[in-house]
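This is the structure I have questions about; it appears just below.
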Amino acid sequence: MLDKNGIAKRIAKEVKDGYYVNLGIGIPTLVANYVREDIEVEFQSENGVLGMGPFPFEGREDADVINAGKQTITTLPGASFFDSAMSFSMIRGQHVDLTILGAMEVSENGDIANWKIPGRMVKGMGGAMDLVASAENIIVAMMHTNKKGESKLLKQCSLPLTGVGCVKKIVTNLAVIEVTELGFVLQERAPGVSVSDIVNATDGNIIVNGSIPEMEL
Amino acid sequence: MLDKNGIAKRIAKEVKDGYYVNLGIGIPTLVANYVREDIEVEFQSENGVLGMGPFPFEGREDADVINAGKQTITTLPGASFFDSAMSFSMIRGQHVDLTILGAMEVSENGDIANWKIPGRMVKGMGGAMDLVASAENIIVAMMHTNKKGESKLLKQCSLPLTGVGCVKKIVTNLAVIEVTELGFVLQERAPGVSVSDIVNATDGNIIVNGSIPEMEL
Amino acid sequence: MINKKVDNVIDALRGVTGGMTMIFGGFGLSGIPENAIAKLVDLEVSELTCISNNAGVDDFGLGLLLQKKQIKKMISSYVGENDEFERQMLSGELDVELIPQGTLAERCRAAQSGFPAIYTPAGYGTEVAEGKETREFDGKMYVLEHAFKADFGFVKAWKGDAAGNLIFKGTARNFNPNMCGAAKITVAEVEELVPVGSLDPNQIHIPGIFIQRIFQGDFYEKRIEQLTVRQKN
Amino acid sequence: MINKKVDNVIDALRGVTGGMTMIFGGFGLSGIPENAIAKLVDLEVSELTCISNNAGVDDFGLGLLLQKKQIKKMISSYVGENDEFERQMLSGELDVELIPQGTLAERCRAAQSGFPAIYTPAGYGTEVAEGKETREFDGKMYVLEHAFKADFGFVKAWKGDAAGNLIFKGTARNFNPNMCGAAKITVAEVEELVPVGSLDPNQIHIPGIFIQRIFQGDFYEKRIEQLTVRQKN
């Protein structure tokens, strides 16, 4: 079973040379730490920066240079700043190659719910609806079950949707799952996790074809 | 009767303090020469410049600084360059206060034709269709009749239209005419021109209310 | 050069009244029109509809207007980190319309650019699209979203001149350029008002034509919402 | 940093074939991708559909492709000043679609930004709107215009870096920024390729994400179409 860093580490292997990547808050943010150093990748943040670097050294922070999580950041050589309309032109226009974000629920047909729980204070969708409606390549990073132990991979989402039919791949603490026209298809097991562990923790139908390899991290 | 410079001089009086103005080619270009010097006006050119100044001195021309007529220009302090989408945002968004352009025909209801003569080589509309569809304040600068002596102020345009119901005012070599819901309304006579001269040279219906003053230039 | 300079924030806000719809630049607390917001609090105008990506925090940004209950409705994409906001929203005192961030940006740009509406894929199939026209183009579904209509827009830039030309800095740029010219009157406040002619015409982010009034702010706190640093080895 | 630099115009144009749809930056002869056009002439690719505000003059710009009869269709807003163009158009060899200049810019921007179509007032009630959907918003009529779909886009900038970041100069900017990312592959040629990190991130007109290939042009004639000067005193 993986921890959050393990999930991030597995997802980092999906990041290919030459990719522009948008990382959501939470587990996705950790992905940047595990991307291979011998490939060229640029991180985009929807508030208006391309070419993000690491956090600044103490005392070097600039209130005018933040990411979408409102954290102070730095930029790398080749970086650029731009306005919000241009930022979403990059996203909507599919110039960003990979979007990694968290979710509360994902359904068999790739619907995602990650912005609202009825009855609770709603903070808003931010850029998530634009990202999931636009990106060709969306990976969800999440725990396989919620705090109550209920599956987050469902036949149908119960929560208000963020986007429909958009998720292509899910990486959880238990498994790597592809979302296909036939529904969830199990691809890889987390270390020490059995196929039946995964099937039991999955509420939606999950297709298991042949023997399922353990993830390489 | 006015010459082209006279028409430009009369139109220049319509240019008010604080106006952003787009000038078409031909007579409209001459308007810049007659704008009062005690008012603040900025000229926009739709190829991407605001704050145009006079033509450059010989040898000081820059191939990268031209107007919509492809002429070399200069810029004044406070000028800016921008892309074509932003340029037409200024125009379509009605941030440009006044558009002055030439015409082949104008109709009683403010339709304008100025881009195409069937059977002749068509050069294209350039920005004219955007300008006339967008501007709140459009003045047409033209001769009252064409080279054959036929009126250019018509009941209905005979040539392919550039825009519909958009012209508010027409300044010709003979008269100043407003285009109202009732049709052409004669406002001013050019020096030495009688009301009947104007009515005779106007094919569309033209309303003459009371005595018509001679233009002040 | 058409002069847009006003002497101070009081002159900049002339004509502001209760019940108006206002657009505010900024993302989080970055690039917000601090001086205009402070003056709106002073003026005690209320029943405002505010369009802004965020709603500030309890004691800064638009949170200051919320504390004084001056806001009737917020149109935003994200409104976390604000207890008073939450209280007013749950009690029904505050009307909240949440819209996708890219849609917010583009509804501003549509207003700026004379487009009545745009088709965006964002929100299709979600409650954001409820009651809205949807349409297919090339096999993909889009939602029709309308241009904003607002009375005042308040933006904040780094440098500007009396002609209204603006240059923004870093990610404090965000929505600010897209909001210029999106309201009947756009008020720009700048950290530094520089002499006309000193900005490179080639490097101006927003030409002055989109701005009606410009002034230099008295002071910018530029509060950092999430100070995140790394240690030197 | 993702490297977009290619060594020369040959590498930049790899994959270009006859029958493609191509977008070209420039207004008149200002800001045109001179090196890409020259190489397209060399490559003798034909049956091209070219989207460009203008069609060059007889012996420069896209006029060079017209001379070799490589263009099947032109989509432009203004095509004067070109005898060979006129001859081919009148003889029916060349298909010409004339569209308003602002519509051209925005159909490029729509392609760049993932919008399927836009509503513009330009051309309503004229032959440009014939066969197109029209619609009223707030009492004003608009025409639905679709995003371009193109195989290659060729733009020309003043300065650029290997990351694909671009800065344009003066009115040579024109359509170029709006065309970046509007085609499957955007090729940028620059007068000066500068080291990565030497451009101010705050002053980049087009971020490299919109560009697939960048190279420094060998030579720029930058011909002036209408030399207009005044005399001293």
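Should a chain be cited, it is by its letter among A, B, C and D, assigned in written order, with residues numbered from 1 in that chain.
Quick note on the criterion: a residue touches a chain if its C-beta (ideal position, glycine included) is under 8 Å from a C-beta of that chain, and two chains touch if they have at least 3 such contacts.
Owing to the predicted nature of the structure, the values given are computational and were not obtained by experimental measurement.
Ranked by separation of Cα centres from chain C, the top chain is B. Inter-chain centre distance (chain B to chain D, centres taken as mean C-alpha positions): 28 Å. Between chain A and chain B the centroid-to-centroid distance comes to 55 Å (mean Cα coordinates, whole Å).
One finds 36 Å separating the Cα centroids of chain A and chain D. In chain D, 109, 114-115, 120-121, 168-170, 201-202 are the positions where the chain touches two or more neighbouring chains simultaneously. Residue positions 49, 81-82, 85, 88, 91-92, 134 of chain A each touch two or more of the other chains. Under the contact rule defined at the top, the touching pairs of chains are A-C, A-D, B-C, B-D, C-D. Within the complex formed with chain C, the chain D residues making contact are 114-121, 137-138, 140, 142, 146, 167-170, 201-203.
Those residues of chain A whose C-beta lies close enough to touch chain C in the complex are 45-49, 54-73, 81-85, 87-88, 91-92, 111, 121-130, 133-134, 160-165.
Put simply, chain C touches chain A in their complex at residues 27-31, 53, 76-80, 86, 89-90, 98, 100-106, 108-109, 120-128, 158, 168-178, 205, 222-232. Touching chain A in their complex are the following residues of chain D: 1-3, 109, 111-115, 161-163, 165, 181, 196-197, 201-202, 204, 207-210. Within the complex formed with chain C, the residues of chain B that make contact are 18-20, 40-42, 44, 49-51, 75-82, 85-86, 88-96, 134.
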